[in-house]
Amino acid sequence: MARVVVDVMLKPEILDPQGQAVQRALPRLGFQGISDVRQGKRFELEVDGPVDEAALARIHEMAETFLANTVIEDFVVKVEGAEEPAASVAEAK
Amino acid sequence: MARVVVDVMLKPEILDPQGQAVQRALPRLGFQGISDVRQGKRFELEVDGPVDEAALARIHEMAETFLANTVIEDFVVKVEGAEEPAASVAEAK
Amino acid sequence: MTARIGVVTFPGTLDDRDTQRAVRVAGAEAVPLWHRDKDLKQVDAVVLPGGFSYGDYLRAGAISRFSPVMESVIEQAKAGMPVLGICNGFQVLTETHLLPGAMLRNNHLHFICRDQKLRVETNSTAWTADYETGQEISIPLKNIDGRYVADERTLDMLEAEGRVAFRYLDVNPNGSLRDIAGITNEAGNVVGLMPHPEHAVEPLIGTGRTDGLGFFTSILKKLVDAR
Amino acid sequence: MTLDTVKHATETPEAAQPWKELGLKEDEYTRIREILGRRPTGAELAMYSVMWSEHCSYKSSKVHLKQFGEKIPENDAMLVGIGENAGVVDVGQGYAVTFKVESHNHPSYIEPYQGAATGVGGIVRDILAMGARPVAVVDPLRFGAADHPDTKRVLPGVVAGIGGYGNCLGLPNIGGEVVFDSCYQGNPLVNAGCIGVMKHEDIHLAKASGTGNKVILYGARTGGDGIGGVSVLASETFESTGPAKRPAVQVGDPFQEKLLIECTLEIFGEKLVAGIQDLGGAGLSCATSELASAGSGGMRVELDTVPLRDATLSPEEILMSESQERMCAVVEPGKVDRFMEICEKWDVIATVIGEVTEGERLEIFWHGEQIVDVPPRTVAHEGPVYHRPFARPSWQDVLQADDANKLARPANSAELKEQILKLVASPNQASKAWITDQYDRFVQGNTILAQPEDAGMVRVDEESNLGVAMATDGNGRYAKLDPYAGAQLALAESYRNVAASGAKPLAISNCLNFGSPEDPDVMWQFAEATRGLADGCLQLGTPVTGGNVSLYNQTGETAIHPTPVVAVLGVIDDVTRRTPIAFKEEGQLLYLLGDTHEEFGGSAWSQVVHDHLGGLPPKVDLERERLLGEILISASRDGMIDAAHDLSDGGLIQAVVESCLRGGAGARLVVPDGLDAFTFLLSESAGRAVVSVPRSEELRFTDMCGARGLPATRIGVVDGGAVEVQGEFALSLDELRAAHAETIPGLFA
């Protein structure tokens, strides 16, 4: 069994009120020097069987159609432990 | 400017209904072979200045006192692009 | 002279005006408190009302807990001042660790607004003295992050010490562990619950019941007796 | 990069401009050139194109909407009429109420959560801009077939979005509708309404006057969201790699809007603004041109002072951005400091972006260079007006001839019972609690009635118990059969719902959802519906205070059913006299008010049992509606009835079932002489209600109805644990509750 991670973030041009609220709170808590915060979602998927190209292609499709709303979000699929993003990075469509 | 990522996940023993809802929906959408899904948060922090040990220590503290509620959540701090978690907590990579 | 009860407004607080009204209906004086002020204006007790302070961004209550007013509230609560956290206020209290545990997304993932039946499990807190232990009441419940969780040890401790203050009856609306709707600290001065007693103090309004009024009369009596 | 300044535009008259891509017609572009005496700059072109769009200029609908102002009934209540952000009515004791309904249909199809959420945000800012504290919201919704997979995507998102935004603002949701019909499959209708309360002296208007007054933009920073098509401009005007195509979707931040509300109310409280406008569709273009156009002078704006979320935005994009949670105020110079202090208190960003000038031009500058120089009226109020052709559709007669009264009726009691159970469980008739329980109906502590009551009602004054009520209704099936009658039936039903709650109907708002105005069939539906509504309002004495038009609701060639949604606002002097729908007291007598005819065209029965739409909708008798309303209001005031429920889709049996389930008591019904059970239970004749009368009041009540000529038929009694129709069937409350309650969660949970 292997773990695949899908990170979903709002597209850069889309308002991220959560990230903004966090960022605005930081100086009050005594944390300086953080110029921007974006908040997104992280999905950890436990995959049965081998994480081969076919499996990653399926996960990519799942991310595109279900885990992320590509109207407003980008996503990245990674195999846990791998150094590079495993499958493609979704670009703004 | 560098980017530091903080991943926050519910502790394994805590019920994650969001992850479960995703997992339950997958077969209906035609995606088989995912035995578990956990959903967490991903924070991308843009740090002014160098991301040295002191900066990471501060971010670690920020994660522990603010970004995560350690009663229910674990977190991992990573410098974007780095191979190892920069400062690790509880969960192995 | 009547008791002065502070009602805190954070940015995004919604039920502050209703809570002030409930305090007045019970016969006490409602004192508005502002999140940026440390000054508690010599109130005898504080209510942290419901709402979505800071939009519930990050986690419900997580940002508010660091406000100046909370510094004073935490200090005074530790010194014995009665504090009631309702809904978002309860979430703030768990984030400050004045109360143990945490609140998570409802197990069905939806916001839920309903008339909720509860059992008052203890009347030996500052805010429940006017109820009988075991009394069943119905008050509105409305939240999306209302599922109470804590580890088993904490839950056992709460049970053993009689600190589960309210339990859901009939239906558990959100998957809260052990049907917990609200808890108290050891001393009984700090109480938090998810449902909204301040919405149930006048006939006709909301569900038309007044089952929540006891919270405010309890505290009033306690404070006046203490004089 | 060259900036397309006014000077540059004058010097390059022949430069090609993307007016077509921006949705302008050739003659419209020519007219802009005539108005300006030169070609428009990129920024001017952007402003005109968006302000002259259907959405902002009402160019196809204007000629028909005029009737609402012309056929205006005598009504002392109206304080501010059509044309402002929202109409305002007097509800007594020095209070004024403003209310309006708007559509957010297209965005909600693309991104259901954010589309619906920002729909709520937009209507709330409209109400706020009038000077009022928003006190409640409503949400009339329409979706495709309940069991269609795409409805499973759209509905949960829309509901979560409306709840997510409204709940976070602290506005109780007190009513709305949920209707399913496959005609809305590719075009869900997400309408949102808001009610606000203020004192008469607090009414604010959207106009900029007083030379030297400052123009302040406050609220969220401006970002690249909701710009959509305007980005073609950036890429056409500027060479090389223009900015990425901007998203058409906006993301809402209800927390920011909550701060904006509290901040604005505090600013109103200190009388700091001379004019105010919310930023909605068309963003700053709309706000600045409308403020300037309605005022006495001109306006000068330094666009580079606008606080941005994205530093790469072009001036055109800044003008067009529909970033949410922003307002624009006109403030006397001496009051600016205090204004800023209040904004700082609420963590709201505020910036002086310009001032009111002597002239009559709207002038906009970018880093010192002039990019806009226009007469604001030509942008905001003197847009194109179309007299679109319309004609009665060729298929209308065939549709009306397909008489629903000829459909096969249940052959015996068992079949009747089975059909009724099916009806009660059908998605349109089933309980919507799974949806409405996702909305906070208690917040603010003033809610007297909310779903599933006939009308929502909130207390306005804690001392005097003054209250207001609102209902929204619209039946696209009726309107398809006869748009004139359909619009009047929507009005009648909404009016009846308000009266049934005990409140006196005062005025209306509407949201007119139709297909493409370029289709003469659709335009005929629109013309008929507006004529019907205007005539109806004149007759009922309820003026139209404002509204919204949503056109182009169609998939390919197929338009949605014409769907005029009508919101009626009512007032009640003493909310303790409100009438709920619940049948509770055993032994109370049930009276049916009004006449029942064999009317099944467009009915729920014809849809659920026969999947049929044809014939004529129920007949409209507005005089009867008025009389029924008066009786319901008097009976409530004088304590003659304990419950009332209006009859609409699903007929009498649907109303009785709802009232029984609400109160937890059963009913025994007897079919009156002269009616068959089927017609009695399922006909949808208008102008009817069922009431529960304490025995001690029976004589007084029937005397009143008799004296005023309203038919009142005793049809049964509140009793037992079942709904029983004597000689026909009995259905236990448990069985009914299961049928009624399980459908929607079964489909969407």
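Note that the chains are named A, B, C and D in the order they appear, and that numbering of residues resets to 1 at the start of each chain.
Quick note on the criterion: a contact is a pair of C-beta atoms (placed from the backbone, for glycine too) under 8 Å apart; a residue touches a chain by one contact, two chains touch by 3 or more.
A quick note: this is a predicted structure, and the numbers were derived from the prediction, not measured.
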Of A-C and B-C, the pair with more C-beta contacts is B-C
Note: chain D sits from chain B at a C-alpha centroid distance in Å of 42
Chain A and chain C have mean C-alpha positions lying a whole-number Å distance apart equal to 36
Distance between chain centroids, defined by C-alpha means - chain A, chain B (Å)
10
In whole angstrom, how far does the Cα centroid of chain B sit from the Cα centroid of chain C?
31
What parts of chain B, by residue number, touch at least two of the other chains?
66-67
Could you check chain C for residues that touch two or more other chains and list them?
54-55, 57-58, 66, 108
Quick check: what residues of chain D touch more than one other chain, meaning two or more?
253, 255-256, 347
Pairs of chains, among all present, that meet the touch criterion
A-B, A-C, A-D, B-C, C-D
If you look only at chain C, which of its residues touch chain D in the complex?
11-12, 14-15, 17-18, 21-22, 51-52, 54-57, 108, 110-114, 140, 142, 144, 196, 198-199, 202, 204-207
Which residues of chain A touch chain C in their complex?
17-18, 21-22, 25, 28-29, 39
Per the touch rule above, chain A residues touching chain B in the complex are 1, 7-9, 19, 22, 25-26, 29, 31, 33-49, 55, 58, 62, 65-67, 80-81, 83
Interface residues, chain D side, partner chain C - complex:
160, 163-164, 167-170, 253-256, 258-259, 346-347, 436-448, 459, 462, 575-576, 578, 749
Residues of chain B touching chain C in the complex
10, 13-15, 17-18, 21, 66-67, 69, 71-72
